[in-house]
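Here come two complexes built around chain A, the first alongside chain B, the second alongside chain C.
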Partner chain A sequence: MSDRYSFSLTTFSPTGKLVQIEYALNAVAQGVTSIGIKATNGVVIATEKKTASPLIDDSSLEKVANVCPNIGIVYSGMGPDFRVLLSRARKAAQKYKRVYNEYPPTNILVKEVASVMQEFTQRGGVRPFGVSLLIAGYDDNTGPALYQVDPSGSYWAWKASAIGKNMVNAKTFLEKRYNEEMELEDAVHTSILTLKEGFEGQMTENSIEIGIIGG
Partner chain B sequence: MSSRGSSAGYDRHITIFSPEGRLYQVEYAFKAISNSNMTSVGVRGQDSVVIVTQKKIPDKLLDPSTVTHVFQLTPYVGCVMTGLIADARAQVTRARQEAAEFRYKFGYEIPADMLAKRVANINQVYTQRAEMRPLGVSMILIGYDDERGPQLFKCDPAGYYVGYKATAAGAKQQESLNHLEKKLKKDPSLSFEDTIELAINTLSSVLSADFKATEIEVGVVTRDDPKFRTLSVAEIDEHLQRIVEKD
Partner chain C sequence: MSALEYNGGAIVAMAGKNCVAIAADKRLGVQLMTVSMDFQKIFQATDKSFIGLPGLATDVQTLSELFRFKTNMYKLREEREIEPRTLAHMVSSTLYERRFSYYFAEPVIAGLDKNNQPFICSMDLIGCINFAKDFVVSGTSSRSLYGMCESLWEPDLEPEDLFETISQSLLNAVDRDCLAGWGAVVHVITPERVITRHLKTRMD
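So, the complex of A and B:
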């Protein structure tokens, strides 16, 4: 069915930039805000669940998702692209378990997902993913971990981060509120306050989604 | 930020990002749906789901029994397609294949939400690969899940899908959605007859037309009869009569 384009669509501009990746980041910046905070005994990730219409059945929409029992994931940007990456992440986790009989540590899974995203910036005939991901995990060796992965495929570990529309203000807010001794309960509370900062309209238990690991 | 980067001009031709981070091809696919001059509506009730669409026969020489936008995907899941009919047939064929494969592999019929997800994931691939354009159709999918009750989903060219209490697609989509939002604001519990009535009334209201039974198609699933079926002209007439009498 598909005669593959044998050339990459993401190519260098004369100034040395990969513009398709920058445009993908613009798509992410238009997406709804998501927050992640690492505590001493766990990690919390949260996002707004703004449905465009009251006719939508919001129980059918899952934005904060489970990758494996010790890793969760949330996104900002294009929902359909997220579903693809979520599938790949879940499959990668199961593949690891089949070999090592335990679920992957967070940094290993993040590497997998990030390398998929990088592939789509270099392979022929595809565009980059229009999502940034916040991946939260807990394993017995390294403890709680929070990673951000961008459309370019680059990733960093964070103590607390925000992605999406309101990320600049949210990060400023987090810088003020974050402290290293925070426990999971406080982190959840802080994440709700951070989301509230940029929230348009009334925030209810149905209009945000929160995921936690650890505690 | 640097001045508006040169986009090489292809961002409108294939699905790569525009400078603002948009996918023009996907947006144009949505336009193709609005240009189709058809509107479809789906409503989920307490124990039934209904889809209604217009049946336009542009030429008297056409065989009206072959003109349809309502399709059965599995014995228990059906859909109404809005947009380019050729793309619609392609997507329906693919959806039927996926459903059949699921039945073969796992031994039971695919639930509506999983089929919707599969269709949406296929749509997402078309938004990411240059060699294939997004399809110019919206699929409104209905089914009765024995665990979760009546289900209504819509899959669009962007690869997005979500469950609905009521939805619409096509030329008069926004007007239909406004009408449905108003009627469902109080979260009423709709019986089978009420569900059909709301769907047909929405279509009548936004198109400012009183339908004859031959001018609309209706597909239903109910708790008592979870098999997807399209209503016959006589059955549609019965419902239309009841609506007229209510006024």
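So, the complex of A and C:
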């Protein structure tokens, strides 16, 4: 029975694409917008907290999450897939700390998470994660850092970025507003403005979530 | 016969003013018989940090290769050199992994951190770190070394004075130990350079 599932869902198409990853990116593109902005003294990540019904207790929903004291994470896409990756990221951070007695620098943690996501595009019997992640962190050697990780497992660093439904407009908006000397306060303000651009419905303090690293 | 005394050896490290020094004897013996007079016990981990490994010679060599592997991988992954304090924790974790079939070595680490602040520490064979501000000792002559260091060390020694102090501490301690001696090497680490000197010692 199990050998029927030993082949991988991500097999190459004739054009050289992995269609499952393309579809995963579609799942991300349907997800609620998330923003990340790197400032001189920290990083801001933010997302809409869009609940299906006003009856949902949105205080119990955590979209912007802590990985370790110096790294935060937000996503666009499928919430349950995010929880799995968050759990892996937290465990990886603690594992690092057990060896070196300090939390990992952002780029090391990002490599770990990206490596997990890549694994799920090659191993048999699994599907890729339906999320893109924005990982924000601060470490003494490189300062503030913002990374995006995609379902394929590729990652790259941004000065400012958006993922999810409204990413194109949001990135255009950010291109105009962003400057290298931006401080944390300005970055928070800009991220709220960027979210507001594509917001469906009323934006209140309960319908957005903001994470701030640094300060 | 204890595994930690089979091959013999002694290591000491001291902190000075913006510098650290680490010194070791050069004897390799098989119990009472001396087999080599130039056995390396101090290994360079990064540009500004060293690990001294006294104890069972096979573990000295295995651990030095293992730490070279780990520090090389760290440098490739993190794109920077490992800090002395982080190195100490890494060494400690490595030793504790073998909590019940331990390596017979009690390392000493000395180095300057990224702000050129002195760092020294020692640990036992299962990885308990002893962070010290003044000096750390290890090996078959450790008791004599404690006595010598306690008498001779003073704070804020300049590199040249630190060299004299650590050399005299080592020499006079190993001279009372039949399992250590037969030559010595001293490394003095300053922000600008590392100076390595080989001492002329009693060859008995």
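Things to note:
Assume the second predicted complex is superposed on the first by the 211 of 215 C-alpha atoms of A that agree within 3 Å, B and C clash if a C-alpha of one lies under 4 Å from a C-alpha of the other, contacts with A are read in each partner's own complex, and residues count from 1 in each chain.
Keep in mind that, in the parts below, a contact is a pair of C-beta atoms (placed from the backbone, for glycine too) under 8 Å apart; a residue touches a chain by one contact, two chains touch by 3 or more.
Everything quoted here is computed from the prediction, not taken from an experiment.
With both structures placed on the common chain, the touch criterion links A:F120 to chain B but leaves chain C unconnected. Looking at the shared chain after the overlay, A:T172 reaches neither chain B nor chain C. By the touch criterion defined above, A:E102 reaches chain C but does not reach chain B. In the superposed pair of complexes, A:Q94 makes contact with neither chain B nor chain C.
Of the two partner chains placed by the overlay, only chain C lies in contact with A:N141; chain B stays clear of it. More residues of chain A are touched by B (comparison of chain B with chain C). In the superposition on chain A, contact is made by A:K111 with chain C only, not with chain B. Of the two partner chains placed by superposition, only chain B is touched by A:Y23; chain C is not.
Looking at the complex, you find that chain C touches chain A at residues 77-78, 80, 85-86, 89-90, 93. Residues 2, 5-7, 10, 14-23, 44, 113, 117, 120-121, 123-124, 127-132, 152-153, 158-160, 162-167, 177, 180-181, 184-185 of chain B touch chain A in their complex.
Listing the residues of chain A that touch chain C in their complex gives 98-102, 105, 107-108, 111, 141.
Only residues 1-5, 9, 13, 15, 17, 19-20, 22-30, 51, 53-57, 59-61, 78-81, 83-84, 87, 120, 125-130 of chain A touch chain B when the two sit together in their complex.
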